[in-house]
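Lettered A, B, C and D in written order, each chain numbered from 1.
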Amino acid sequence: MSYNTFGHAFRFTTWGESHGPAIGAVVDGCPPGIAITETDLQPFLDQRRPGTSRFTTQRQEPDQVRILSGVFEGRTTGTPISLMIDNVDQRSKDYSDVAKAYRPGHADYAYDAKYGFRDYRGGGRSSARETASRVAAGAVARLVIPEVTITAWVEAIGGDAIDPANFDAAEIGRNPFFCPDPVAAARWEGLVDTARKAGSSLGAVIGCAATGVPAGWGAPLYAKLDAELAAACMGINAVKGVEIGDGFTAATLRGEDNADAMRPGDNGPAFLANHAGGIAGGIATGQPITLRVAFKPTASILTPVETIDRDGAATEIMTKGRHDPCVGIRGAPVVAAMVALVLADHKLMHRAQVG
Amino acid sequence: MSYNTFGHAFRFTTWGESHGPAIGAVVDGCPPGIAITETDLQPFLDQRRPGTSRFTTQRQEPDQVRILSGVFEGRTTGTPISLMIDNVDQRSKDYSDVAKAYRPGHADYAYDAKYGFRDYRGGGRSSARETASRVAAGAVARLVIPEVTITAWVEAIGGDAIDPANFDAAEIGRNPFFCPDPVAAARWEGLVDTARKAGSSLGAVIGCAATGVPAGWGAPLYAKLDAELAAACMGINAVKGVEIGDGFTAATLRGEDNADAMRPGDNGPAFLANHAGGIAGGIATGQPITLRVAFKPTASILTPVETIDRDGAATEIMTKGRHDPCVGIRGAPVVAAMVALVLADHKLMHRAQVG
Amino acid sequence: MSYNTFGHAFRFTTWGESHGPAIGAVVDGCPPGIAITETDLQPFLDQRRPGTSRFTTQRQEPDQVRILSGVFEGRTTGTPISLMIDNVDQRSKDYSDVAKAYRPGHADYAYDAKYGFRDYRGGGRSSARETASRVAAGAVARLVIPEVTITAWVEAIGGDAIDPANFDAAEIGRNPFFCPDPVAAARWEGLVDTARKAGSSLGAVIGCAATGVPAGWGAPLYAKLDAELAAACMGINAVKGVEIGDGFTAATLRGEDNADAMRPGDNGPAFLANHAGGIAGGIATGQPITLRVAFKPTASILTPVETIDRDGAATEIMTKGRHDPCVGIRGAPVVAAMVALVLADHKLMHRAQVG
Amino acid sequence: MSYNTFGHAFRFTTWGESHGPAIGAVVDGCPPGIAITETDLQPFLDQRRPGTSRFTTQRQEPDQVRILSGVFEGRTTGTPISLMIDNVDQRSKDYSDVAKAYRPGHADYAYDAKYGFRDYRGGGRSSARETASRVAAGAVARLVIPEVTITAWVEAIGGDAIDPANFDAAEIGRNPFFCPDPVAAARWEGLVDTARKAGSSLGAVIGCAATGVPAGWGAPLYAKLDAELAAACMGINAVKGVEIGDGFTAATLRGEDNADAMRPGDNGPAFLANHAGGIAGGIATGQPITLRVAFKPTASILTPVETIDRDGAATEIMTKGRHDPCVGIRGAPVVAAMVALVLADHKLMHRAQVG
């Protein structure tokens, strides 16, 4: 029993491997009558696609998304929207070592333990390439929630964080790091270059904020908005931690300091703080939803690591092929997509119950 | 569309409010033939139940769990197991203020925004009392996974952390804090007492480890083991952050330092480290599954906080009633229960697909 | 992996066995703010409950339904509604024969084959007693769809059908057979009495119509309204066939005779016929939804039948205990409840997608 | 909230419209390690595909199925299997009348009522063309249940039934009607020809039997094997009725006549009859699973029928384009596919719970 579907009322199913002919997503439950063309989706794919700077993998994928169903005369019909992205730049011969031995930190061993064998080419289904399908589906989701604005950025690379005082959302699109702090962006060039040349890799932290989410979205108790955001983000390749609002810092605060006090406002309460990250009891409060997501360093590195082969014998592995020196960077548009998918789902779930 | 069910193959549904006549859970999908009585479940309820020390709420609830179905002659039959726990110590009159105004940091405002009104008595459905149902269901789940041992403990209160060098699992049950470090436990007495007497509250971090999970459990890509653990834990009342393995620390490591190198072992690989927390690609690696969960401080405090009433007018609120000075403490058995529930589900999901 | 939950946006989960302490249902996803008390539900339970005439089982169950959660100050809160019905008139000693041997036509053998053993008292989970939970949940569902009127009746017993020319909905509640034809009702007294005294049993056909369903409800392609009605009704104990609209008769018609021609009407089309039973392409057309459901004769009979015991040896069985001579009769309120549950679910699903 | 996914542990999602570029299915949960190539699937597609005789629509579709994911080196990997079938012979201009007015008996009006507009070309998503995706997915399902043999046939056309005494399974593949009775097959040539030339259409009844299903598969109470077969079959285009075993005839029998008596057998009981159609209490008994499915006559006919247009004005419609004179004929391989899909799912569900 595997699960390749996410969501309740607005759902998507992804399929495809890194080195198969294509990857794709089927989006189900989209409301009818929404204007949509492939050009609405492509910009989001372009943000995530590889090969656009020396700081990402050099695999050249145009990531052109095609809509195969669910749209008629430029509008969604309410039937499943099938999205497909061709794989064009596979180099499966790079993976002969990976076929035989397990990359520490990668899913190779776990897949073999589960399924008995695996498609080792480019990581198969466990490749971050699959996240292109999420981004395509997420682009559809954004059209379902025009009232919401989602922004994601890189907050730290290899432990080197931005200065919040420098935060400028307009900067995010101006550098290859989705970095809102131009000073940090400049530093990161050297940092990532050094790691890449050393055959190493770096972790990263992504920040994300969604504004315009109406108070009331959310589905307690077992599809709480924060629980689903946690699942959506923890399920992204290489993610090891998720925080909502103040996250682990909240665990160090006293109750009166963590309380988001309220005053009368024009539309519902005017909150004096947002420690909660816009969610209470699993339900949106109307404040910005804020989260942070930790990406581990890319597991495929050119540095040799002690491991075992498929027969259990000792060996070393050094991953050839083309890889991101910091997979977290391209995680920014993926986190944004997952947040959009969760919010679109919760918008529809909310109106199912409350009308 | 609300969701009060969790799980795929092994599922549970909870119901009930803080001040209703009872709360309960229906466990569905439990394998048949498992020996079970109420005395197998009660010890887990007793760990979580309130009123056992001055460091928890003084509400006196015996939390006696009854099995109403699904068991015949001491064994599970494969049909739904209905578990019920009576509420006996409600004091709804304490909540007249909460009825009128919103506690900052609590779900009061969000529930009203969603549903138009709410059962304000004791927090209604949003009360941590509901977690007793999770613990009861989790106790059933543990019987489904006898190969797994789950331990949860408090790792920090109010920012004061245990010393890992002092970690002794045997200590966890010997103090009112589920604290594995006797030195920290002694300090926390004063810390929590001070907060309680000041009408304040404290956050906490829970640590949890599950050993004995076979390599292969997990269901990529959208029911990944780590994603579901994240959802399970982030959905617990007051939780704001979840880490698997090294979590946010992994984001500061280099690839070669984060790699869990492998050597030939007796049963599969012998790992030299466990940065991954026992999960790769959403699948168990056979190493201990480790996670950390951040609880914010209790929102219901005796310190007055600025807020608004149901009509939107400015007011102050100070929560009378009986509350935990640190709701995270009793979170330890709840986290353990949620981990058990996720693992039982994934055991069954794994054998559905792989046999 | 068992499934004791039905529905998508409006869901219910049932639990309980014939001879356990109680049975119940948890209704999830109910919209908030609906006025509800136990007296709104009880009349539906009373229709189905046994012991009200000599034509049903003589087990005396008051079937008093209690609401344990999800309602505050007389209105639904949007949280799970837990419904419980005590079992009071169990006589488990009647079942010593059933414990040892399999009743042909009953689920005894199949349950043993699946689970290895079974709760044989009164049929355990496979008892028609479980349908009381469905009726309770269905009574909640009716409150969610006040625009819809659902009527169910017995159309034939033992092959003896009503005369459509005599159909009078007002008669349904006036006789112990839910029979809309007073002439047939009079005949059935003798028919059922004779079967009962002979230690035999009879099958029945239930008819049902739902008027007021707005055109547009339905969820193609794999939660079509007709597919879900078929699942809902085929899943009732003893049901072996379901027809929508003309059903099997439609298979004998020519296209032009089966077409429900349309003329301009006041609110959408005025249909000239309703061969389709109010559903096309899985979506409601706005016409009355009509269906027919076939119940086999009760399997528990006082006539000896050749069978095997749990060890596989040849034996005979004659079911003592108290049983309905025609379980289909009490199927009428159960079919109505299931139709209500499907329609409430589809109302919410429709507004999730279409608003 | 639409649903285009079917199944629990073995699931499939379909997408695509009659006149879009392609249609497809994503199969999720397939066990790993099963040998599979496109040539294993194609014969089932060929059975269903149109244009192979004058008794089906003349639309020429090769229905070549491609596997885009989930298979590596000729074996399933346990990841989603994406199946795609190109549409090559669309003639959308035939549908200008359908764009403007509603075909009685078709889903045109209902789709407009639900979604506000529709892809009218060839019926869009409501076209029987979608069933090719089901057949492709069903062909995968068959590989998951090699212990089961599924046979489907046409039992009656336009009310003219086969003679059970003539039943010869080997005949099914020898005529264009999936008819097991060569005498009936000869009669049906004239019957269907006459209807076709008259611009009319005919209904049909499909019979199906699945042998080799082990006793114990099934998932009471709300995913009963018979309930899911009913949903699977009632959800096929044009189906209006489903019977398991004796179906509506069972409603006319007495208890002792409907009982499937048992004697000691070699492997479990030797049943003396199979009125139940191989299912009791929603669980397989080990006997052949038998069902009957009623298809209404094709709604798209060349005979003019009174209707209304999109503006609600009176008009007449006569469906040009290419249509099956009896859509039920090609329903035989579709019913077989749906039965395979349900059984594969229940095999995996059974081993999830029972091991």
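One rule holds in what follows: a contact is a pair of C-beta atoms (placed from the backbone, for glycine too) under 8 Å apart; a residue touches a chain by one contact, two chains touch by 3 or more.
None of the values given here were measured: they were computed from a predicted structure.
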item	value
Pair exhibiting more inter-chain C-beta contacts, A-D or A-B	A-B
Size of the rotation, in steps of 5 degrees, that lays the CA trace of chain C over chain D	180
Chain C and chain D, separation of their C-alpha mean positions in angstrom	26
Centroid spacing, where centroids are CA-atom means, of chain A and chain C in whole angstrom	46
Chain centre separation in whole Å, for chain D relative to chain A (CA means)	39
Distance between chain centroids, defined by C-alpha means - chain A, chain B (Å)	26
Multi-chain contact residues (two or more partners), chain D	1-5, 8-9, 14, 29, 32, 78-79, 114-116, 125, 220, 348-349, 352-354
Residue numbers on chain D that touch chain B, as the complex places them	1, 9, 29-32, 78-79, 220, 348-349, 351-355
Complex contact set, residues of chain B against chain C	1-5, 8-11, 13-17, 20-24, 26, 28-29, 32-33, 68-70, 72, 75, 77-82, 114-119, 124-125, 348, 352
Complex contact set, residues of chain B against chain A	1-6, 8-9, 14, 102-107, 109-111, 113-116, 125-126, 130, 156, 158-159, 195, 200-205, 215-224, 226-235, 237, 239-248, 250-256, 258-264, 268-269, 272, 275-277, 279-286, 292, 294-299, 301, 303, 305-308, 312-314, 328, 348-350, 352-354
